[in-house]
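Below is the structure I would like to discuss, written out as C-alpha cells.
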Amino acid sequence: MTTTDLLSVFPLLILILWACLVLLLDVFLKRERLTTILTAIGLVVTLGFSISQNNLNLTGFNNMVVVDNFAVYLNIIFLGSGLLAISLAHDYLKRMGINRGEFYVLLMFSISGMMLMAIAADLIVFFLALELLSIPLYVLAAFARPRVESEEAGMKYFLLGAFSGGFVVYGIALVFGATATTNLSGIAARIAEHQADIPLLTIGAALILVGFSFKVAVVPFQMWTPDVYHGAPSAVTAFMAIGAKAAGFAALMRIFVAALPTLSEQITPIIWVLAALTMIVGNIVAVAQSNIKRMLAYSSIAHAGYILMALVSYGQSSVASVSVSAALFYLLSYAVTNFGAWAVVIAVEKAEGKGLALDDYAGIGRKYPALAAAMAIFMLSFTGVPPTLGFVGKFYLFRAVIDGGYIGLAVIGVLTSLISAFYYLRVVVIMYMRDGEPEVRSEPWLNLTTAFTAIATIVLSIFSAPILQWASQAILSTF
Amino acid sequence: MGIKTLIWLLPLPPLLAFFIIVLFTNRKKALSHTISVGAAFLSWLGSMVVFFFAVQKGAHQLGEHPFASSINWLPLADKWLKIGVMVDPLTAVGLFFVAWTVFMIFIYSIGYQNYGQPKGDHDQKGLPPHGATVIDEQGHKHKVPSIEPMYSRFFAFIGLFAFGMYTLIISDNMLTLFVGWEIMGLCSYLLIGFWYAKPSARAAMIKAFITTRVGDVFMLLGIGALYAFTKTLNFREIFFNEELLHKMATTPSGFFGLSVAGLIGILLFIGTVGKSAQFPLHVWLPDAMEGPTPVSAMIHAATMVSAGVYMVIRMFPLLSAGAQHGELTSPMMAMAFIGAFTALFAASIALAQNDIKRVLAFSTISQLGYMIAALGIGAYVAAIFHLLTHAFFKALLFLGSGSVIHGMEHGIYHVDEDIDPQNMFNMGGLRKKMPITFWTFLAGGLALSGFPIITAGFWSKDEILADAFSNGHWMVFGTLAFAALLTAFYTMRQITLTFLGKPKTRAAGHAQETHWTMTLPLVVLAIFAIGFGWVGIPEQFPLIGGLIPNWLHDFVITTLPHHLGEVGFNWAPLLTSLVVALGGLFLGWYVYKDVPAGAEDPLKKPMGFVYKVLQNKYYFDELYDIIFIKPAIWFSETVSYLWMDRKIIDGILHFIARIAFQLGTIFRDWFDVPVVNGFGDFVGESTKKIGKSLRVVQTGRVQQYMLIALVITVATLFYYLFSVFTP
Amino acid sequence: MTTELILFFSLALIAIITGLGLLISKNAIYAALYLVLNFFTIAIFYLLLGGAFIAMAQVSVYAGAIMVLFLFVIMILGAEKLGKSNTVAWQRPVAIILSIILLIEAGYVLFWRTAPVQAAQTLPDGFGGPASIGNVLLNNYLLPFEITSVLLLVAMIGAIVLTHKQKTDKEV
Amino acid sequence: MIPTTYYIVLSALLFTIGALGVLIRRNAIIIFMAIELMLNAANLAFVAFTRMYGIIDGQVFVFFVMTVAAAEVAVGLALIVAIFRTKHNIDIDQLNNLKG
C-alpha cells in the first residue's frame, strides 16, 4: 500500500474509523445527544477532507478507486445529505420513541458505502459498495420496529435489494467472462482491442443496469419505492431518497460512461424507454396519492426518470460530459429540495403514522405562514418553476438531452413535468385554501433545516453559476 | 443610481410586497394595502422615470442602442446564458401602459374590497362578502357592504401578479419573459379561484389553468426549438441578425412544409392563443369573471391577455421573417385568420350576454383578435397602438363595471331585493345615481366603439382598418369592419341598458356612487381613454393630420430592424369606420332605449334561434364536453367495465385491462370531477378514489413487484435478441 | 463421451434436481437440506475447475455456516410450514413461463451468439490453492478485502439492532 | 475438457431456478435460500470463467460474494426474526400492509 492509496481513501477511512469510535462511545456513555454531536463532527471533518481532495485526481489500489472531481462532488452531496439527515432525525427519533445511537452509526456506514461507490473504478468494488450502503439502509428502514409498517418496509427493501444484488453479481460475472477483467479501464481497453465478447458483455451490462435500476427506482423496477418510503421512518426515507439514488446514479454513470460507451447503440434505446416510462408513470401515479410520503415517493421515481434522461446520450463523447454534469447538478438541486420537503413532512408528522395525509396540511398556510411558504417553494422547485433550483436543474437537463438529439424525450420530460404541476400545486392549494387546525412540531434544528433548504432553493438558483461550473468540472477530469 | 439599475429594480417592489404581506402583515389590513399600493407606486414612479429618459433619448437613438443590461446567469459549455433587461421603444410604451393601469387597479382595489366597512355578519373565507348589519344613531338597522374576509391576501396576490408583468415587459430574452408569463399564469389561477368556496370559481380556476397550459406547452416547445436553432434566446441577437433570420426562414423544419421560422412562430403563437384567449382556446376567459373585479381588470385588460399580444409583437421580426413585398408568412396568415375570426366571433357572442362583465369579457377577446389580426397583416404599429389604447379603455370599462356592480349591491342591501347585481336588465337609470361612473364609462364605451376623432379607440382601430385596406387584405378588412359594427352595437346596448332610461328595479333606483378610491382611477383612466389617441394621429389625416406629429409611429417603429413606412391615407377605410361606429352606436341606442323593467331582450324574438346560439356562446363549452370529457368517461365506464366485469381474459390480460381501467378512471377523475364537481371535492374524495383503484397494481406484494419488473425485462431482452442482434 | 462429461452431467443433474427441490418442497427444513446438497455439488464443480481452496470455503462457509444459520432460525421460529394463504392465481404460472423464456434466451445467447469458447489454459502449479489466492487477495484486492470486514461489522450491528430487546419500549 | 459454455448454461439454469424461487415461494426463509442459490450460480460462472482465462481473479471474487452473502443472511434472518415476533408469521404474502 502506497501513500497515494492511503490518500485516495483517506476521507472514507476517517469516516469508517469514526463510525467505529462512535459505536463504542455510544455503548459506554449512553448519551444520545453526545452521539448526535459526535456524528455531526465526524461528518464535517470528513467533508473537509473530501473537499481537500478536489482537483487531486488520484487513482489507488491498482486502479480499484479513482478520486476525481466527479467523486468529490458526489461525496460532498452524500456527506451534506448525512448532515441534513442528522438534523432531521435528531428530534424525530425522540418523538417517535426510537432514539438509539445505532441510528447514527449505521448512517455513517451507509454514507461510507456511498462514498466508496463514488470513487469505485472496479466492478467488484461497486458491488461491495452497493452492499455496504444498502445493508445499513435495510436496518434503518426497519428501525422503527416493532411498528409493523417499518418492519415491512425493511423486509421489502431487503428482498428487493438482495434480489437486485443477485442480478448485479451475475452481470459482473458475465462482464468478467466477456472481458477477463472487472476493472473499468481494463474493460474499456479490452473492448477497444476487439477482444471482448460483445453479446455476453451486452447481456452482462443489461443485468447490471437492471440491478441498479432497482436501486434508483426506475420504472418498471420502482414498485417497492412507495411502500418502503411510506413504511420507513421519515428521516430515513429522506436520506434514502437522496443517498441511495445518487449513489446508484453515480455507479451507472461511471460504469456506462467510462467503460461501456461502445455499447451505446444497444443500451441507449433501453435507457430512452426506461427514462420515458419512469417520468410518465411516476408523475401520473403521484397524482392519485393521498399520503404525502407516498406522493413524495412517486415524485422521487419521476425525478429518477429525469436524471436518467441525462444518461441517454452517454455514448456521444461530445455530449456525455455535458449530460453528466447536468445530472450532477440535478442531483444537487433534487437533494436540497427533497430534504426541505421531508423536513416539512417531519414537522407535520405525528407518532403512530398520523399526520401524513394530504388533508393534514389544510390550514397550514394560515397558521404557519413561514412553513407553508417554505413548502410552497419546495413544491415549485419540484415542479421546475423558476426561480428555483429545480428549474435550473431541469433547464440543464433538457438542454443536455436536446444537445444529444433526443428531442422526443425532452418533450416527454416537459409534458410530464407539466403533469407534475398538478399534484405539487395541490399541496400548495390545500395548505392555503383549505381550513384546518394543524399542529406542527417546531424544533430549532428542524426549523433551521427547513429555512436553510428553502433559502438555498431560491438563492442557489439565482447564483447557480459557481455550482454549475463546479459540476461541469466534476466530470471533465474523469475522461 | 443609473438608469439601468433602475430598470432592474422596477419589478421588485411588488414582489417584496407579496412576501411581506404573506409572511408578516397578513392580519393587518390597512398596513397590507399600504404596502401593496406603495409598492405599485414605486414601480409606477420608476417606470415613469424610465419612460421619460427613453423618450428624451430620442427614437432612433433608443432603437439602435436601447437601455440594456445583462448578467451572466447560467454557464453553458462554452459561453453563458445571459439574462437581462432592456428598454427599447416597444418596452418603453409597454411600461407606460402597464405602470398606469396597474397602479390605478391597485388603488381601486382598496375601495372595491370594501376597506373601511365593518366585518360581515356571516362572511367566511373563500366566499364573496355578503354584507353586514349596522345600527345607526337612531337605532335603525341598515345592511351595508362588508369588507372582504381575505383582504390582505388579495393584495399579496396582485402584487405577485404585477411582479410577473413587469418582469415580462422588461425582459430582453425569451426565458425571463416566459418566467413572467408563468408567474402570471400561476397568479391568475390563484386569483380566479380567489373565492374558492364558490364551486363556479373553482371550476373556472381549473378551466383557466388547463386551457392556458395547453398553449404554454406549445410555447415552451417553441422556445426550445428557437434555442436549439439559434443557440440564444436574446431578442436583439436574433432579430438584428439578418443572416440568422434568413437562414431560419429558408431552412425547412420538416413539419407540414413549414420553415423553421414558421414552425417556431406558430408554436409561439399558440402560446398567445392560450394566453390572449383566442379561438379555440378562448373558453376560459369569460369564466375567469368569477374572480373579483379588479382581477378581471388586471387579467383581461392591463396585463395577462396583453402579455400574449405583447409577446407576438415582440417576436414580429421572427414571425415575419421571409415575408416579401406584402406576402404573408405562415404564422402571419394563421394570425390574420384566427385574429379576424376571433374578433367577429367574440363580438357576436357579446351581443347576447346579459351579465355586464361577461359582455366586457367577450369584447376583450374580440379586441385582442383585432390586434392579432393587425399583426398578422403586418400592421405592426397599429397593433401596438391598439394594445395601448385598449389597455386603457378596457381597464376603465372593467373598473367602471365593478363600480356599477358595487353601486347596485348598495341598492340591493338598501331595499333588500334578491336580484343579480350584474345583470344589465336589472339596471337602468344609473346615470343620475352614479354620475362619475357614468361619464367615465361612457368615455370608455365610446373609445371601445371607436367614436370618431375624440376617442383613442377610434385612432387605433382606424389605423388597423386603414392598414388592412391599403395592403389589400379584403377579407380581414371586411371581417374587422363588421366586427366593429357589432362592437359599437353591444357597447351602446350596454350603456343604454345600464345607465340610460329609468331604473328597471328598485335596487337600481337606490344605487349610490362609489368611494373616491374607486372613482379616482376611473377618472384617470378616462383621460387616457380619450387623450391617448392623440399620440398616433396619421400625418395625412384630413384637417388635423400633421398638427401633432405621429409620435407613436416614429417612436415604436425604431424597435424593428427595418423601419416600416406609414400607410397612405385613404377615404374608404375612414368612411367605413365612421359608418360602423356611429351606426352601431345609434342602433344600440335605438333598440334598447326604452326596454321596460322585467322585459326580455328585444332582439330575442326576431333573432330566435341565432340569439340562443349566441347566448350559449356557440355551445363551445358543451362541444368540448362532448369531444374531450364525455369520451373519457365513456371509455372508462364502457370499455373498462366491460372488460373488467366479464373477465374475458384472466391472468396477464386481466392485469392489462385493469391498467386501462385505471387510466380511464384517472381521466374521468381529472376531467370530470375537477371541472364539474370542483376542486375541493377533487382533492379530498376523488384522490382517495383514484388511490383505491390504483391499489390494484400496487398490491403490496413484493413478489408481484419483482415479477412485473422481470416480465418487462425478459420481454425487452427477447425483443433485442431476436430483432436487434439478428446476424 | 468421456468420464469427465459423464461426471459433469450427473453432477449437473443433481444440482438441478436439488434446485428444483428447493422450489417445490413444502417443508422449509427439506428445502434447506436440498440447498446444502446443491452447494456440495457446486463445491465439486469448483474442484473440477481448479479451485481447490474455494471449494473448501464453499463447504465450510455455505454448507457449514450459512445453512446452519438458516436451519437454526427455522427451528427457533418453528416455521417449517406455512398456513393457507390467498396467493394470486396468475402469479405462479406467469413466473414459470417467464423463467422458461429466460432460459431459452440464455441458451440462445450462449450457444449461438457468443464467440467460440477459448481453449482452456493449462493451469500453473498451485493455481487455486490458498497461497495463490491469498497472494492476490492481499495485494491486488486489498481494498475490497478490507471493505468486506466493514461489511461484516455492519451486518453484525444490524442484526443486533434488529433483534435485541427494546430498551426504549420501557423508557418511553 | 468440458467446454466453459456448459458451465455457464448450468449457472444460468441455477440462477433462473433461484429467481423463480424468489418469485413463487411464500416462505420468507426459503426466498432467502433462493437468493443464495442465485449468488451461487454467479459464483459458478466466475469460477468457470477463471478456468477459461487461467487467471485467479475470478476465484477471489467468489470470496467477496460469499462474504456479502453471509452479511445479507445475517441481516435478513434478523429481519425475519423481528417480523416473526410482531406478526407471528413469515408468509411474504401476509406482508402487505403498505400498498396503494
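A, B, C and D label the chains in the order they appear, each numbered from 1.
By our rule, a contact is a pair of C-beta atoms (placed from the backbone, for glycine too) under 8 Å apart; a residue touches a chain by one contact, two chains touch by 3 or more.
Being a predicted model, the structure only gives us computed values, none of them experimental.
Trainee: Could you run down the chains that neighbour subunit A and subunit B together?
Mentor: Correct list: C, D.
Trainee: Any chance you could name the chains that touch subunit A and subunit C both?
Mentor: B, D
Trainee: Please report how many Å separate the Cα centroid of subunit B from that of subunit D, as a whole number.
Mentor: 63
Trainee: Centre to centre, by mean C-alpha position, how many angstrom separate subunit C and subunit D?
Mentor: 5
Trainee: In whole angstrom, what separates the CA-based centres of subunit A and subunit D?
Mentor: 26
Trainee: Taking the mean of the C-alpha atoms as each chain's centre, how many Å separate subunit B from subunit C?
Mentor: 68
Trainee: Touching two or more other chains, which residues of subunit C qualify?
Mentor: Counting only residues that touch two or more other chains, subunit C contributes 91, 95, 98, 102, 109, 113-114, 140-141, 144, 148, 151, 154-155, 158, 160, 162.
Trainee: I need the residues of subunit A touching at least two other chains; which ones are they?
Mentor: 124, 128, 131, 135, 138-139, 142, 145-146, 154-156, 159, 163, 199, 203, 226-227, 289
Trainee: Using the touch rule from the top of the page, what residues of subunit B touch 2 or more other chains?
Mentor: Expected reply: 691, 694, 698-704, 706-707, 710, 717, 725.
Trainee: Of all residues in subunit A, which touch subunit B in the complex?
Mentor: Subunit A reaches subunit B through residues 155-156, 159-160, 163, 199, 203, 206, 210, 214, 220-221, 223-224, 226-227, 266, 270, 273, 284-285, 287-290, 322, 358-359, 366, 369-370, 373, 385-387, 392, 395-396, 398-399, 402, 407, 410-411, 414-415, 418, 421, 426, 429-430, 433-435, 464-465, 468-469, 472.
Trainee: Which subunit B residues qualify as touching subunit A in the complex?
Mentor: Per the touch definition, subunit B meets subunit A at residues 22-23, 26, 72-77, 80, 125-126, 179, 182, 186, 193, 196, 213, 216-217, 220-221, 224, 227-228, 666, 670, 679-680, 683-684, 687-688, 690-691, 693-694, 697-698, 700, 702, 704-706, 708-709, 712-713, 716-717, 720, 724-725.
Trainee: Sort out for me which residues of subunit A touch subunit C in the complex.
Mentor: Contacts found on subunit A: 1, 5, 9, 16, 20, 23, 60-62, 64-65, 97-100, 102, 105-106, 109, 112, 116, 122, 124-125, 128-129, 131-132, 135-136, 138-139, 142-143, 145-146, 154, 197, 199-200, 203.
Trainee: Please output the residues of subunit C touching subunit A within their complex, sorted ascending.
Mentor: Per the stated touch rule, the residues are 109, 113-115, 140-144, 147-148, 150-151, 153-155, 157-158, 160-162, 166-168, 172.
Trainee: Along subunit D, where are the residues that touch subunit B in the complex?
Mentor: 19, 22-24, 92-93, 95-100
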